[in-house]
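Read through the structure below, which is laid out as structure tokens, and then see the notes.
Note that the chains are named A, B, C and D in the order they appear, and that numbering of residues resets to 1 at the start of each chain.
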Amino acid sequence: MKGYGMRCIGSPAWLEKDIPVCGPLDAIIQPTMVAVCSSDTHILHGGFGEHKDLILGHEAVGIVAEVGSMVRGFRPGDYVVVPCSTPDWLSPTIQSTPSNAHDRGLMQSFKFIGSKDGIFAERFHVNQADANLALLPDGVTPEQALMTVDMMSTGYHGVELAEIGFGDTVVVIGIGPVGLMALSGAAIRGAGRIIAVGTRKPCVEAAVYYGATDIISYKAGDIADQVLEMTKGGADKVIIAGGSAETFTQAVRMTREMGTVANVNFFDHSETLGFPAMLWGVGMANKDIRGGFCPGGARRIQKMLALIQAGRVDPARIISHKLHGFTKLPEAVELMDSKSPELIKPIVYFDDLA
Amino acid sequence: MKGYGMRCIGSPAWLEKDIPVCGPLDAIIQPTMVAVCSSDTHILHGGFGEHKDLILGHEAVGIVAEVGSMVRGFRPGDYVVVPCSTPDWLSPTIQSTPSNAHDRGLMQSFKFIGSKDGIFAERFHVNQADANLALLPDGVTPEQALMTVDMMSTGYHGVELAEIGFGDTVVVIGIGPVGLMALSGAAIRGAGRIIAVGTRKPCVEAAVYYGATDIISYKAGDIADQVLEMTKGGADKVIIAGGSAETFTQAVRMTREMGTVANVNFFDHSETLGFPAMLWGVGMANKDIRGGFCPGGARRIQKMLALIQAGRVDPARIISHKLHGFTKLPEAVELMDSKSPELIKPIVYFDDLA
Amino acid sequence: MKGYGMRCIGSPAWLEKDIPVCGPLDAIIQPTMVAVCSSDTHILHGGFGEHKDLILGHEAVGIVAEVGSMVRGFRPGDYVVVPCSTPDWLSPTIQSTPSNAHDRGLMQSFKFIGSKDGIFAERFHVNQADANLALLPDGVTPEQALMTVDMMSTGYHGVELAEIGFGDTVVVIGIGPVGLMALSGAAIRGAGRIIAVGTRKPCVEAAVYYGATDIISYKAGDIADQVLEMTKGGADKVIIAGGSAETFTQAVRMTREMGTVANVNFFDHSETLGFPAMLWGVGMANKDIRGGFCPGGARRIQKMLALIQAGRVDPARIISHKLHGFTKLPEAVELMDSKSPELIKPIVYFDDLA
Amino acid sequence: MKGYGMRCIGSPAWLEKDIPVCGPLDAIIQPTMVAVCSSDTHILHGGFGEHKDLILGHEAVGIVAEVGSMVRGFRPGDYVVVPCSTPDWLSPTIQSTPSNAHDRGLMQSFKFIGSKDGIFAERFHVNQADANLALLPDGVTPEQALMTVDMMSTGYHGVELAEIGFGDTVVVIGIGPVGLMALSGAAIRGAGRIIAVGTRKPCVEAAVYYGATDIISYKAGDIADQVLEMTKGGADKVIIAGGSAETFTQAVRMTREMGTVANVNFFDHSETLGFPAMLWGVGMANKDIRGGFCPGGARRIQKMLALIQAGRVDPARIISHKLHGFTKLPEAVELMDSKSPELIKPIVYFDDLA
């Protein structure tokens, strides 16, 4: 089969691979629609270390092509939503923990990138289908479902980490697709004022759509200064969904005593994250600093889908570009790589494979 | 001064009283707008035991008339929002607890009814003004603010007790004013499907406005049966905002394993609450049963007000009747007492006292 | 193979059965030491409904006899500790929930009793071995390990449900083996005063050993009256580890506002649990009522074992009777059934099967 | 009256001051026994900025000399325990928050150092006596009580921030008096293995007494390396109770995915705290980083005292030096300043003032 990915760091390429083998607990999926994520281009450029002949992609919905002998809940032909994080639920490490993203170590539940080929292919493999797949439910479009598997689930993890209380003032730093989803999640999690940090026009418009009450820009001065002034002493909760080590320092600074910094941004592995001790009350400020990876599994995605079914949120509003055809994958990856000002999130319909 | 309340159980009356004395930490408020609550008529009919010559009412906004010598944050003339629950913050009992409603014992923070005259008067007293009053902020109407002091704060306490997760299926039993507020709170706390239980037309319309996805009625059969069928096994969270001991049993029954029943309903003091052990998995079902009284204090109300300022919710949508004039208090109380089909929440403007 | 259990309700019997079949994810265990639980006699007498030709028992440690083809972490010959609750970790129902005891419905993770033969046999079956077995670690005796699989894990679940804070006053009602373990868990979870309710001499002695500061008895009057007087208004947390519907009512009564009732007792399925509304502040008291079944899985038991390794607790102190020989099972079951005054917990060594 | 403190940075001195004025809500205390804290010498050397003519000290028990007109719960002659952190409970900032240490801003509840004279004096002032004082209860010695007001309350705050679960592996970095208390708190909060980091002999002995299972030393190599090897991948929870910015980095490194770093150490205000992004999973590791100041108030101290009454812990074990006489204050401060190898915690009896 064909797949699109990387020959080596810096070299995107079409790859020819065998159709993956389906274990007894697993499923093979034929994707119908995929999205490109900045993690894909991050890997392509070496952000997760050396990789060779790897099919990229981890956001997909599709049709079940094959199931293993022990799978009970799915059959070929089912239209399924595939979480980007698919834990090994038989690993005791994730039992009774608030996150399931680290089944056998750091981010090891992120199998599409960590340990096997991704979903930019004619077929892809899902481990433990019963525990990791969700049926596309009535009342949810495939496009909406596609936005749950990473963008919404990751953004909402930021909201969960932030432990927002009714009426809290929340800052969302970075309003790319994950930040926008975090923002939408904060709005339906009880936040009062939501200050979004960003500048690109389509993103700003989407931020207002999802519930931002204020928009501030890096261009108007230090963002921590702006937040401290607007909030008279700091925000209750700050969600980082984009930026660099400098952003991290600013986030700590703009958070008030007893507040929380919640990170869902991939920092560069060469960075050092830090802050002057004074910004953390020399250790005494009761400012929590948290950060985590997208939780996975069937139930997680079912809960996201339930929000869409109930009309609480429409994550498809972040889709800015729709490309038709499996062959458009290189164009979609290039779009994400170049991050044009109009881009929020590109998706690709595999309608030529049906 | 004049006040409206009860001569004794069953006898509503205008009463003549001295203006309350302002202690060093306290404030005296001139109400500008008040709401009538079913608790008021409940007391009138003896629901909280014997009371004589008591001014009723506990939902008000108004103007500060006088402050004590130790009050720092308020001055005469300030327009303030007054929580129905005004704890004694110097009582160690409420330190570091999740609720502050029981400062010196059960519901003792509910001072307007428990230990002194209420707010249906030309002037009323507020203990510990700095800790218990909130300024009416920009972007919030007095009517909206008035709905926060009990209805919204109580309803949202139900939501907090229910510990709703993103996408949870929530039932709200009873869609009077508190139930409607609970429903609105569930919708902005991350609930997916929300099943409202009620029948009166204006309440049903308001329930849809606030985010109900389904409406069921007692008239169509046992409500637990209906929920169990709709949800295939039970709701994640059930909020009780109205009903009797039978309702309590139904709530336990319609909640799934690992779910929560959250009560903000006043049951009758002569009732016994219970359920067959089987409905609780003979003790093993991990169904939490919780119930509590409206949290109080300035910060609580500030958080509610912040939600309104941000446009997350408009609690004034529950106001069904607006009466003008201090002298209309008997009519308003009578409205609440007779619970006509069109009634949700009546308020009274004291515009003749200005 | 031989196993001991019930022919039908009321008829204990030796049964002849095939050795269970080992699925790809599973293991077959040869028990070396087992304990009898009151649940076993409860089933025998019909407490969980109709059962025929069922091998009883759910508390065992033993030697791995066989593993399935997909098992990675265990090999024949390993000495393992077997949780009484062995969830199906591939069921999405338990993903991201605080309990895992209800994998496909109420208590369905309790497979030894719910859906297959138990462990009073020459061999028994464990589903999903990698996720559900723990190796017997250094520094823990088999006897201690045996006490973790139900008694300690269940008792500690009561402690977890009670959400004890440092210095809280805790009541433990019932000081049989589960209650004693709950008591030991409360003592190492930060409880201050611990009031144990019980009368039998060996249990009272063990309660003092595990950290009870006060012992009260049913014989000296209503236990709620006693607790209310001793605590001047109620305990912070009450753990129910024995008793009837009346006990439940007493527990609610003896808990103070903002406190918690935590149940790990099996009530009789014919009982109705309830309380006068006044004892729950007519719904307003912020008294949580919780109850649940023993969490399962490898990690749970590893954490219990870690406490023993560190010397925090010795659960083997509750073993009152040690019988030697597989053939002594009937005697052990009879001991549990007759509940002699000297009994706390009987165990049986299968040393004649080695 | 006389008091001991600092003339200016670097100059300890006896000071002559007026007896403090008692406001209506306040109390004046005659200390009977005080302890010296490293914070005292930290201030003396300029660690909290410029201070002139300031009486030092914030750990005391004593006799009530005077109460304000509105104080209800205390009378002259009462023997009281005085929390080092005495919040202004009328400040809405601390309502409904998990910490009360920041009443009007960062650490503002720490009034003895932040805004007025301390307790090394013949008399000292306590704000809001009803909310901030606790009676010395039966079964607790004054020495034990004295150890609760900062050492135990601060150490136990570290334990609370760490959110220890049953059986967790916990590292305590620094085993001075606060670290030892944190260690004792971890042991009675359900920790399994506890690895203490320290070298001084009396501290190591006390660490073993309080429940350490392992002791490691800075002298044997990088402490993070040691912990990572001992725990095969990192500790569940790490409490920092001493050290520098380097320690902070090590703590992040030695914590496993889904673990928590909990800080109760005062870092130097000139330091920058940080870590390579890789140690935090480039933001994805779900490692929480928390740090806070000692919670205050009556109830907090009552809970600590309840632990002592129940025999769960004896904090007086950390007292290494007992000096007799008000006039010994300079010697005690000098002891703390020079940190001799035998020192853990010095206290001074004011027996010459009685």
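Keep in mind that, in the parts below, contacts are C-beta pairs under 8 Å (C-beta built on N, C-alpha and C of every residue); 3 or more make two chains touch, one makes a residue touch a chain.
All values reported here derive from a predicted model rather than from experimental measurement.
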**Prompt:** Which chains contact both chain A and chain D?
**Reply:** B, C
**Prompt:** If you tally the C-beta contacts for C-D and for B-D, which one comes out higher?
**Reply:** C-D
**Prompt:** Just curious, how far off is chain D from chain B if you go by their C-alpha centres, in Å?
**Reply:** 41
**Message:** If I count partner chains per residue in chain C, which residues reach a count of at least 2?
**Reply:** 98, 302
**Prompt:** Where on chain C is chain D touching in the complex?
**Reply:** 156, 159-160, 165-169, 185, 187-194, 211, 213, 302-307, 309-312
**Fill in**
Listed in rising order, chain C residues that touch chain B in their complex are 97-99, 101-102, 105-107, 233, 240, 245, 257-258, 263-278, 280-293
**Request:** Show which residues of chain A lie in contact with chain C when the two form their complex.
**Result:** 24-25, 70, 89-93, 95-96, 98, 100, 128, 130-131, 295, 297-300, 302
